[in-house]
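Labels run A, B, C, D and E following the written order; every chain starts at residue 1.
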């Protein structure tokens, strides 16, 4: 590999990693900080992508679609929390796994009933619909760069929210002792409802943002979910920074794995994971 | 003679649900055109959703064969499931007609007297495209596909024909199924600068690849080609990025022949949607069954006679003419198609009466 | 009141005997398809039992248990020579051993961590195995392996039963299920089993009471893996086909579902859960092609309204009829 | 006449099938200090938790500042100006000392902000040294101080201390009693559960003794101390 | 001296910049009850954690009956006879009080890895558990699920579990905390009966109890030993009064 391709591959890896981060951050928020295991997270990503498709066809603009989509996903998040997840905080993880597993099936079937099983594309917004030439044959789509920038901004915002605000403290406190938070006169139920909705919105947002480059297809949620699991496992549960570092690592491992050892491309990230767990059983970072 | 029991084992949920439905529609249309009967017998359909899950395939096939005791089994889309079905059908000596799955092995080493296919084999479109590219005097090619049987067979067909015509495949790239993160491969392709890139993807992967390929600015210098699945049913999603792509398949839009015109009219009338290649394959599956049944006057116990009639069948298919090879695989024209707007316009015949070499079939 | 538990025990014993008899006579009903279906259910029951050791008794919620099921199945797939039959007595121990080894390897990593993290790490490792079979030449790829012959049970020149015969397979699996059940029953009542339950309740205290917790957990993980491998082997034997989906996380999810259907932490529950799961699946898929929607909805309702699984229905029913028992 | 802060009327509480409180009447008025006593397992904590909405009583009524709040969400009850120091500590282990305090900070129902982080740290200098440490890293006594400090940060009208001096060094325990005296001077009511009955009776206006979920004594300290046989029979001293 | 059971030398533990325990030398004798006092955060619990193996020492060593156990795991230490209780209740919430103790006693049974016997049938283990419950005053509550016990009862159970493991060395971290006056008295009585045959380290803030049972007292401040000696000497020490008991104490 010449230096030039090396740098382009590096860029590929980072960009892929940042996209992973966007999904994984919502996951680590709900998993690690709220203490709920939510397998349906991938479905929210899928729902986001399908919303981007339907809404942008309807409104003609991806940005309008994203704004409407965020509102809708917050509503969805609040409704789900109210109807289902609020019953789960006191239950054990096994039941959380199953309930959210059931949700995956439901969402996947509903998707097939409502929008069918076709693959759809979403147009890249006109202002980003151009590419920067890198070599005489290869150019890089600007939209991908834009996505990466959005991811970085979100990472910083999320970190600030969790680590520096009272809301963040309340969320973390709630994951260790809900009763006590209530006894302090704080409405933890409301906070959790909103945080859950935030997590859903993050996943859906990731789906919407990624829709133009990933296209929209059945089963897209589960693929993302699994790799995000690996991100959270490597990064350490509940850590935003951990998720960021792990996403980038996986992005790079995956990209270079495909180029350098194509025979084992599917397993490179898992080997990476095993190696990291051997060194740090609880992931790279634990908590914020 | 009671009703003829037909088991339809097809995907009705999941990624391939649309294909399963189209095949079913096509099959039933042919039966309806035959007066709703086959050799005078009414039909009892038994449907099972195979979910495109090979792990459930043996059980699902058993359900139809042992529980429902069907006379003939029709299915399916997914090659892995079809392979498992073929095995069960062989073990139980049940007549099986495959309306889509392209795994070469089914009509190769695994071929059997009771197993027929009315669709295609994976290598066929590849062979045709390889030949066309060689004729266009392309010297070098790179191939890319998912690392699974269908992809490898398709690429294999391309490579064989392309290199036979004097070209050279400089690199064969594979990525794990069903990953869709292509960026690093695009970088690799840009570095290799071949004359043409042949890929096999379907569904979501096909959409994403075509778009990524265009976004990377590659089509300007390196043309992209592939089997028809690259652009079938995905043009809506691929939009601009797919314009002008060349693909090969045994069917296409704007194909002109009387049978096709009639078929399209009838199908649209019956189901209110446009037919696609899968509907054609389902339609032909029923046509083939009708030929066999007529030869034995509806008496399925005369299996040998029935098989003989089916082997000799010359079907008037919407795709043109359709005959069967020794391995019970279609012999048909493969068309060269070009994407124009939302259509895969047939621009010519890539190979006439293509029959792929029946490797390993002991029939 | 004093006699209630005894009476309950007697009732349980009668129910158990009836269930055994029913299963033993089932193939004589002559419905070939259902014989095979029940065979499959019994295999799943072994699988569910093996997971119950972890989830119900050691408190390790593994979301990657399908990996060992798959390893057991693949062991047969890979060992089976293409043009002749494999020997049951050679391949079975190898399959169980391979699954145990895989579990030992993964367990060495994962039993060090807890809670959600454990769930995720087990899943991630299961995915690793999935991709080993899915993406490498060794595992022969995503299309799976189909075996042309059933293994033979020959010992020397003597072949006690014929595994190409579905009824023989049925009894073979039935015997395996009974053996596994009895084995676990004894195991979980032993001091070792009690220690596992202690670990489930409070691992830290177990350590300070002098139990080498790590090794207990690892032993439990390995035993569970080995039994899952046995189930996987039997499934490969029954269907003559293996593919990576055997190791997929849906499979892991389904077996967890069986546990919760039957009630976690009870061996009867695990077996009942397997039956209930397949029954639900058959029922729903006969109703509509969108049966996954029904299944998903059922799971959700079950988790919210019936946390104790089907086993708790009787108790609840009694309570609504008789009312809350008061201690006064 | 004094106004009631928190009141339980004929409270019956169950844990599943076991009946723990049998018709308890309990009342604390604004500015009062009440000692709640009884042996282990008599229902002291259950009474407190029932009044705070953390356990739902099956019969009876809970009134907060005169309004019926039976079965209300705990946070609504707490917002009436009630702070709770639970037995066995209830710090947030995954938050730092500073965060534990900050997240609780709130003005009292009347807008008072007498207790600030500075004041809490001045009261418990040990906490000031551990400000950036995670809650899980604190010693038992430090956790106890943190719980009390955190309760004070809500500037309550009523402070409920369930075994608040457990694990505190004698010096610090004394400091707690001093604080109770001091806040009483500011009109803040306190409910104290503590095994050190001498310290409690010294400071409380009223004492209530629970036996097996029933009130067997309700009166002022002087009359309790005048009946040593009561103390012996019900508290074992 | 032959009756030294457990001895430490220069034992230290650092948490970041904080020396929670620093250079502690302490000797536990069979037949002697050794109390450790100190203000909150002095390092008492950390010391117990170091002795029991819950924490690893950053410096110094621990010898048990002449053998260096500084690097031994917590479970190994428990098996060779060092038992501990926790300041923060640490029990099996889902099990009955009896089963809590039975599990504790089982860890001493000859073959804890035994796989093919019925645990509940093991007489000696059962009896040990019953004895321990009785000693801690919980005999009547053996059948109650631990999580349903009141706070004070859970504290009693905490002690019962240590007793059930029949250790030679008892490390007790505030055993009286949370117990009512009567239960505390009973516990003091229990400590007295245990003392002759065991080596006991007692961390406790209840001064009455400590001065009633202790043979030796060590006072820790800021991780270091401030003073060590007989109860009378400690009570009289001005340094101890200043640092711990409080100026105005009797």
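Operating definition for what follows: a residue touches a chain if its C-beta (ideal position, glycine included) is under 8 Å from a C-beta of that chain, and two chains touch if they have at least 3 such contacts.
Small disclaimer: the values here were computed from a predicted structure and weren't measured.
Q: Which chain has its C-alpha centroid farthest away from the centroid of chain C?
A: For chain C, the chain whose C-alpha mean is farthest off is D.
Q: Considering C-E alongside A-B, which chain pair is linked by more C-beta pairs in contact?
A: Top pair by contacting C-beta pairs is A-B.
Q: Measuring between Cα centroids, what's the chain most distant from chain E?
A: B
Q: Taking each chain's centre as the mean of its CA atoms, how far is chain A from chain D in angstrom?
A: Whole-Å distance between the two chain centres: 44.
Q: Measuring centre to centre with CA averages, how many angstrom lie between chain A and chain C?
A: Between these chains, centre-to-centre, one finds 32 Å.
Q: Centre to centre, by mean C-alpha position, how many angstrom separate chain B and chain E?
A: One centre to the other, that is 75 Å.
Q: Tell me, which residues of chain B touch at least two other chains?
A: 13, 176
Q: When you check chain A against every other chain, which residues touch at least two of them?
A: Residue numbers touching two or more other chains: 109, 112, 265-266.
Q: Quick check on chain D: which residues sit in contact with 2+ other chains?
A: If we look for residues of chain D contacting two or more partner chains, we find 16, 18.
Q: List the residues on chain C that touch chain E in their complex, please.
A: Listed in rising order, the residues of chain C that touch chain E are 186-187, 189-195, 197-198, 200-202, 204-213.
Q: What residues on chain A touch chain D, complex-wise?
A: For chain A paired with chain D, touching residues are 166, 169-170, 172-173, 175-177, 179-189, 287.
Q: For a test of understanding, state which residues of chain C touch chain A in their complex under the given definition.
A: Spelled out, the residues of chain C in touch with chain A are 55, 61, 63, 109, 112-113, 115-117, 119-121, 123-125, 127-128, 131-132, 134-137, 249, 253, 256-257, 259-260, 264, 290, 292-293, 295-300, 302-304, 307.
Q: Can you list the chain E residues touching chain D in their complex?
A: So the residues of chain E touching chain D come out as 15, 38-46, 87-89, 148-153, 155-156, 173-174, 177-185, 205, 207, 244-246, 249.
Q: In the complex, go through chain B and note every residue touching chain C.
A: Residues of chain B touching chain C: 12-13, 49, 53-55, 57-59, 62-63, 66-67, 79-80, 83-84, 87, 147-149, 176-177.
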